[in-house]
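Structures are listed in the sections that come next.
Each of the two complexes below includes subunit A, the first together with subunit B, the second together with subunit C.
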Partner chain A sequence: MSDTLLKVKDLKIGAKIYPPGEKPKDIEIVHGVSFELEKGKVLGLIGESGAGKSTIGLASMAYGRGGVEITGGEVWVNGREILHTNLRDLRRLRGMEVTYVSQSAAASFNPAKKIMEQVVEASLHAGKFSKKAAEARARELFAKLGLPDPDNIGERYPHQVSGGQLQRCMTALALCPEPDLVVFDEPTTALDVTTQIDVLMAIKEAIRDTGVAALYITHDLAVVAQVSDEIMVLKMGDMVEYGTTDQIINHPQEEYTRDLVSVRSTQHDGKPPTDNPVLRVENVTARYKGTNFDVLHNVVMDLHPGQTLAVVGESGSGKSTTARVITGLLPPRDGNIVFDGRELSPDLEGRTREDLRELQMIYQMADVAMNPRQTVGTIIGRPLEFYFGMRGAEKRKRIIELLDEIELGVEFMDRYPAELSGGQKQRVCIARALAAKPKVIICDEVTSALDPLVADGILKLLENLQKIEDVAYLFITHDLATVKAIADSIAVMYQGKVVRYGTKAEVLSPPFDDYTDLLLSSVPEMRLGWLEEVIENRKMESAGN
Partner chain B sequence: MHPILKLVAQRLALSTLLLLAASVLIFAGTTILPGDVAQNILGQSATPESLANLRKELGLDQSATARYFNWLGGVLQGDLGTALTNGRDIADSLGGRLKNTLFLAFSAAVVAVPLAIFLGLLAVRYRERWPDKLISAVTLASISVPEFLIGYVLMFYIGVQLGWAPTVSTIYDSMSLGEKLSAIVLPVTVLTMVVLAHMMRMTRAAILNVMQSAYIETAELKGLTGFQVIARHAFPNAIAPVVNVVMLNLAYLVVGVVVVEVVFVYPGMGQYLVDHVAKRDVPVVQACGLIFAAVYIGLNMVADIVSILANPRLRHPK
Partner chain C sequence: MMRIPPAALIGLFFTGLYFFGAVFAQWIAPYSMTEIVGDVWEPSSAKHWLGTDNIGRDLLSRMIYGGQTTIFIATAATILSFTTGSILGFTAAVVGGWIDQALSRFVDLIMSIPTLIFALVVLSVMPVTLFMLIMVMGLLDSTRVYRLARAVAVDINVMDFVEAAKLRGEGNRWIIFREILPNALSPLVAEMGLRFIFAVLFVSTLSFLGLGVQPPNADWGGIVKENKDGIVYGIPAALVPAIAIATLAISVNLVADWVLNRTTSLKGGRG
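So, the complex of A and B:
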C-alpha cells in the first residue's frame, strides 16, 4: 500500500499524574488506538475533553506534551516507524513532513517575532527553500487563506492582527514547508461563530488545493462533518466508532456517537412576557474608567420573573459589560437598573445586603470562582450564613437539600473543588447562587467551557431549577444552540448595542436584520455540505446586492 | 506622539526628579552629622575669631537651604566644590578616579554579563541535569563567599604562588590599554564571580517561565533543536526581567567595588571615598554620593527603557 501516509497501530500513551496528597502515579490515557490515513485524506478525531484526541494527534509527530509519554504501539509516517527513531530524524519529520496547528494561535505565535519570520522558520531551518522562495510561498498561502493585504501582513507582529486572521496565519505556518500531513487541533474552537465559518472554509480549500492530508481534532461534530472524509469517535482513550463521515453522521452505530449527534435535544417553549418585569435595564450607556469611548449604547432589556432572557453576541459585543452594570461593578454613565420595581444604586457600595442577595451570579470558569481550600459544604454554606444567619444542623439540612437539587449526593459535602469534574464544579456554583434564594441569577457563559454532553446536563438542570425555585435567568452566551434550548426572550448585541430584542419566537423568525442573519446562518449544522451551501448563499447574496 | 516616546519621556522626567530627591537626602544627611567642619580643620588650638572667619569663608553661616541651593547650582555647572583636606578641586580629582572605576566596572561587565546569560541558557537547556546543578552550585558558592576573601585567596594562589597575574592593580595614565587590562585581571575575576550568580539565576528563571508558553511548543514542533528554541524563541521574551537584574548588578559594579578597590589597591572612586570619609571631608562625600546615586538611577532608567522597548506591543502599536 503505497498510498498510506500515516499508520497508527495499537498506540498506547501514558502520563504521570499528581493527585493531591498522594504519590505521583502513572496512568494510561490512550489504550491501544489504531487507524490509517491515506495521502490527501482528512480524518476527524472527535470526542470530549480527556478523550485523548490531542494526545493522539501529537503522537503522530512522536511528541508528548508535559509528562505525557508514548508507552506502546507503532506510528508509521511515509513508511518509517517514528517512535524509535533518533532525535535528528525526528526533527526533520517535525516541521517538514508533519506540522501542527494549535487551538490558540494567539498563544502559539511568539509575540516578539514578526509573523513572516515564524511562518518560514521551519522551511529555512530544514533548508527546504531559500529565504526568498519560502517568503514567496508564504505570501501565496496568505492570499489563498483570504488574509487581507497578503503581501505585507507577514511584516506585522502577532498582536497586530485579529484572532481569526492569526488562526489563518497559523495554518499558513503549517502549510508553508509543503508537509504531507497537518494536525489541526481545534483550530476554530476559540473563534466567534461568524469568524469560524471563514477560517473553516479557508482551511478546507487549502487542504483541497495543496493535496495535504490532515488529522482534524475537535469536540464539535458539526464542524468536523464539514471537513473530514472519515471520522473516529474517541472516549476516554478508547476508540468508540470509526467510519466515513456519512456513516458517523447519518447512521451512527454506537450509543455514545448517537448521543453526540443528537446533543442539544432540549426543547423549550418560550413563555410570554408579563406586565411586571423583575429586572429592567433602562437606557444604559457605560464606559470603562480611563477610556474615552462608550462600550454600551442605550441598552434596554427586560427580564420577567421565572423566565430566561438570553443575551447573545460575539466577543466584544458588550454582553458581560451589561452584566457588570447590572451587578453594580461598573456604574453606568447614563440610565438605570430597576429591580422588582425599585431603582438600584448604580454602584456596589450603595446597595443593601437584600439587593445583593436577590441578584446572584454564576461564571464561565467554575474552578476559579471557588476557593480551592474550602470544601463544597463550606462554599454552599457561606451564603446561608451570610444572608440568613443559618448555623449547625439547620444549615447542614439546607446544604443537603441544595446538593440534592443539583443532583449531587451528600457525600460531596466534604470534597474539595480539585476533586470535582468540570460539570460538577459548575453545579456547585449553581447551588451557591441558589442558596441565597435570589430572584435573578446572571449566568455568564456558564456552559462555554464544558463538553457538549455535560453542558446539556447543566442546561437541563438550570431549567428544572427554574421551575422549582421560580428564579429568572439573565443568560449570557455566544452560542445560539444554547439560546434556542433555554430562552424565553432574546437580546442580540453587536458593538455595544442591542440590535434585536423580543420573545424567542419573534427574534428567531424572519425577516432578520443583517447581523442576526449572519449570526444564525454561521452556526454549524450537522449535515454534509452545509459549509459549501452557506458560502454559496453568501456569494449569491453579495452578488445580488 | 508615539506611545514609546511618551513612556521614555516619562521615565526620563521621573529619573530627574528622583535624582533631585537623592541630592536633597545626601545634602541633608551630611549636614545633620554632628561636629563642626571648621573646628575639624583648624583643630583644638583655633581661636573663636579664626573659627568664625573660616565659617564665613566656607559659607557655614548661611542657612542650610541657601547652602543647598548654592551647592546644587554649582553641581549643575560642573563645580563640585573644593576638598576641605587638601583644597583641590573635587571635580578634577574625582574625574580620573571615576574614569578608573568605570573602566574596572566596564571590564567586569564585559566578562560577566555575556557569561551569566550564556550560563543561564545552558542551565535551561540541561535543566535538572548535572550541568544545571553544577552551574548553580559554583555560582552560588562564589556569591556566598565574601569578596575580600575571594580577593585574597586569588591573590595568594594565582598572583603569588603561580605568578600569573599582578597582585597589586594600581594603574597609571601612562600605561597602555594592554598593561592596564593585565593589571586588573584579578579584581575583574573577583567582581565577575560576585555578580555572576544573580544574573545567571534570573536568566534561568525568566527563560524557564517563558518555556511554559504555547509558542515554545510550536517552535519544538518545527523541528528546532533545544538550544535554538531557547535562544531564538524563549530569550527574546525573557529580556525585560533579565535586563533589570543586569542593570542592578552593573550599578553594583560601580558603587559596590569599594572593598575590591581597597584589597587590590586600585585607584578608583571607592578608595577615594573611603579616604575622605575617614577625614570627614564633607564636600567630597557629597560629590561621591551624588555620582553613585546618578549611576544607580541612570542604569535603572536604562533597564526600564529597555524593558519598554523589548515589548513588541508597545514598540508596534496596532
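So, the complex of A and C:
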C-alpha cells in the first residue's frame, strides 16, 4: 500500500527496573503491538498510566526514553524500516519527518530563548528552509492555530504567553518542518477544561489543513473521540481493542473498553443543607505576602455536617487559596473562619490541637504528601500517637482497622510510599486524614493525578467513608464530572470570587451565568462531533486566551 | 546490592587501611613515637622500612602515630561541623524569619574571612591543645555545612508532607529530625566525605605552619615540616607524609563520589 505512512509490526519494548533491595531486572513493558497509519489520518492511543502508550509513541521515532529499549518488532516510516538505521538517518527522520508534542510545553521550551527561535530551529538545522521562509511558515502556523498577534508572538519568551498558548506554540514547532507524522503525547492534559477546548480545536484544524498524520496519545477517551479517526485501546502493554472511533465509542466489544467508556459510575443524591454548618467561610478576603492585590474577594460558603461541598474553578480561580485560608496557612486580610460554631484563629499558631485534629487535609499529589522515608504504618500511626496518645498494640490495632477501611491489607503496614501505586498512595493519605477522626476533610484535587478508573475507586471510597464516619468534605476540583458524582452543594469560583453557589440541583440547572455555562459546556463528552458543537455555541472566551 | 565500581573499591581499600592503622597504631607501630633508634635520615632498610627522620626516629612508626592524630582530629572536627552545621541549617530553614536572617548573615560574615587566617589568629591567642584545634576547625567548617543543610532543607520544607506535619500541629523538633533529616541525609553524607578531606588538609596545613599539633607529638603535616630540610640533600623523608595525605584525600574522595553517585542516581531513586 502506497499511502501507509507508519507501520508498526509486533513491537516489543523492554525496560530495566530497580526494585528496592533487589537486583535490577529486565521486564517487557510492551508485548507485541501492531498497527498501521495512513497518510493524513489520526490514530488515538488510549490507556491508563503504565499502558505503554507514550512508549509506543516514542518508539515510532525509534526512540526509547531513559532505560527503555526496543527489543523486537519493526517500525516502518515512509516505506523504510527505522529501528535498524544509523543515527545520522535517524536524526533527519526525527524532527523532520516525525515530530513530537509533549505534555508539558512549559517544561519543554527553553525559557532563555524566544519562541520563534525554537519553533524554526529544527527546520534550519536540517537546512530544509531558509531562515526567512521558516519564520514565514511559523507565523502562518501561529495564525492557523489561533494564537493572538501571530506576527509578533514569536518574539516573546515562553513565560510571556499562557499555558494554552504555549501548548499551541509547541504544536506549531512540531508542524513547522512539514512533517509527515506528529506524535501528540497528552497535549491537553495539563490544561484547564476551557483552555483544552481551544487547543483541541486548533490541533484538529491544523491536522486537517496541513494533511499530516498524527498519533494522539491520551488517557481521556472523550478527548480522543473528538480528534481521531481510529482508536487503539491499550492495557499493560497489550492491545485490547483497535477500531474506528465510532466503533470504539458506540459499540465497544471488550469489557475493559466498556469500563473506560462508562466510567464515573458513582451516583450521589444531593442532601439538603442543615441549619448548623460545620464550617463557615465568612466574607474572606486574602492576599499573599509581598503582593498588592487580593486573590480572594469576599468569599462566602458553608459546609454542612456529613455533606460534601465542591469548590470548582480553573487554575488561578482561588480555590486552593481558599483551602489555605481555612487551614490557617494563609491568614485572611478580612473575614472569619467559623468551625462548629467557634471562630478559628486566623493563623496556624493560634489554633489548638483540637482545632487541627478536626480539620484534616488530603493533597493532590499523594507522592509528595507522604514522607518517602516513613513506612505506611508510621504515616498512619503518627496522628493516632499525636492526637490520641495511642501506643503499641492499641495503635497497631487501629492502624489495621484504618487500612481495612481504605481496602488495603495489613501487609501494607511495613511498605514505603515508593512501593505503592498511585491509587494506593492516595488511599494511605485518606487513612492518615481519617486517623485523626476529623469533622471536616479538605480534599484538594485528590483525584486529578489519577487514572479515571482509579479515580473512580477513590471517589467511591470517599463516599462510603462519609457514610461510616459522618465526615464532611470540602472538595476542591476543576473536574465537573467529579462534582456531579459527589457534591451536595457547589461553589463555582472565578478570579477569586464565588460566582455561583447553592445546592447541586440549583447550581447545575439553568439559567446559567456565562462562566458556569462555559465551564459546564467544556467538559468533554464522549460522543462524536461534540467539539464542533461547543465551539459553535460559545458565549464567552476561555480564560486562557 | 549494586556492584561496587573498581575506583570505589580502590578508595575503600586505602581508606580502610589508613583507618585501620589509625585505630590500632599502638599495636602496629614497630617502635615508639619519640624513641631515637638510629642515625639521622637513614635510608630505608629491613629494620626501618621507611628509614629514619631528622633526629633518627623510626619514620614508619611516626607515620602510623601521626596518621592516628591526623585522622582523629579530622574525624572529630567533621562530626562537630556536621552536627552544628546541619542542625542550625535545618532550624534556619524550618523556622525562617529573623532567626534564619541572623544565622545566615552571621555565617556570611564568618565565611568572608579566609578560614586559614581566621584559624591562625584564633590559635595564636588560644592555647594550642587537641580540643582547641578540633573546636576551631569544626566550627569554622560548620559554616559550609550550614549553607548546604539550609539549601537542602529549604527544598524539603516546602514539600506537602512537611506541610501536612505542620497542619497536624507537629513541633519543629519532629519536623527537623523526623521529616527533613532522613530526606536530607544522602547529600549530607556525600558532603561529609569531602569535608573530611578538607579537614585532613587543614590540620596538616596548620601543623606545617607550626600552629597545629605540637612536638614531640606529630601529625602528617608536622612530619613534613620536620623533614622538609632533607629535600635539599635529596632525602625523601618529607615526601612520605605528603604521599600519605594525597592518597588518603584521593581515596576518601573516590568513596564519597561513589556514595554521591549511588544516592543521586536517577535510575535507582532514593534508595
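Convention: the second predicted complex is superposed on the first by the 538 of 545 C-alpha atoms of A that agree within 3 Å, B and C clash if a C-alpha of one lies under 4 Å from a C-alpha of the other, contacts with A are read in each partner's own complex, and residues count from 1 in each chain.
Quick note on the criterion: contacts are C-beta pairs under 8 Å (C-beta built on N, C-alpha and C of every residue); 3 or more make two chains touch, one makes a residue touch a chain.
Just so we're clear, the structure is a prediction, and the values are computed from it rather than from any experiment.
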| item | value |
| --- | --- |
| Joint occupancy of subunit A by subunit B and subunit C, clash or fit | fit |
| Touching partner for A:112 - first (subunit B), second (subunit C), both, neither | first |
| Touched partner set for A:338, first subunit B, second subunit C, both or neither | neither |
| First, second, both or neither for A:91, with subunit B first and subunit C second | first |
| Contacts of A:104 with subunit B and subunit C, given as first, second, both or neither | first |
| First (subunit B), second (subunit C), both or neither touched by A:361 | second |
| Which of subunit B and subunit C A:157 touches, first, second, both or neither | first |
| Spatial angle subunit C-subunit A-subunit B, Cα centroids [nearest 10 degrees] | 30 |
| Partner chain(s) touched by A:121 [first = subunit B, second = subunit C, both, neither] | first |
| Closest approach of subunit C to subunit B (Cα atoms, Å) | 8 |
| For the subunit B and subunit A complex, residues of the former touching the latter | 213-215, 217-225, 228, 233, 236-237, 310, 312-313, 316, 318 |
| List of subunit A residues in touch with subunit C within their complex | 16, 18, 20, 66-67, 327-329, 348, 351, 353, 356-357, 360-361, 363, 365, 368-374, 382-383, 386, 418, 432, 436 |
| Complex interface listing, subunit C residues touching subunit A | 159-161, 163-164, 166-170, 178-179, 182-183, 266-271 |
| Touching residues (chain side subunit A, partner subunit B) in the complex | 61, 63, 65, 90-96, 99-100, 102, 104, 107-113, 118, 121-122, 125-126, 156-157, 159-160, 173 |
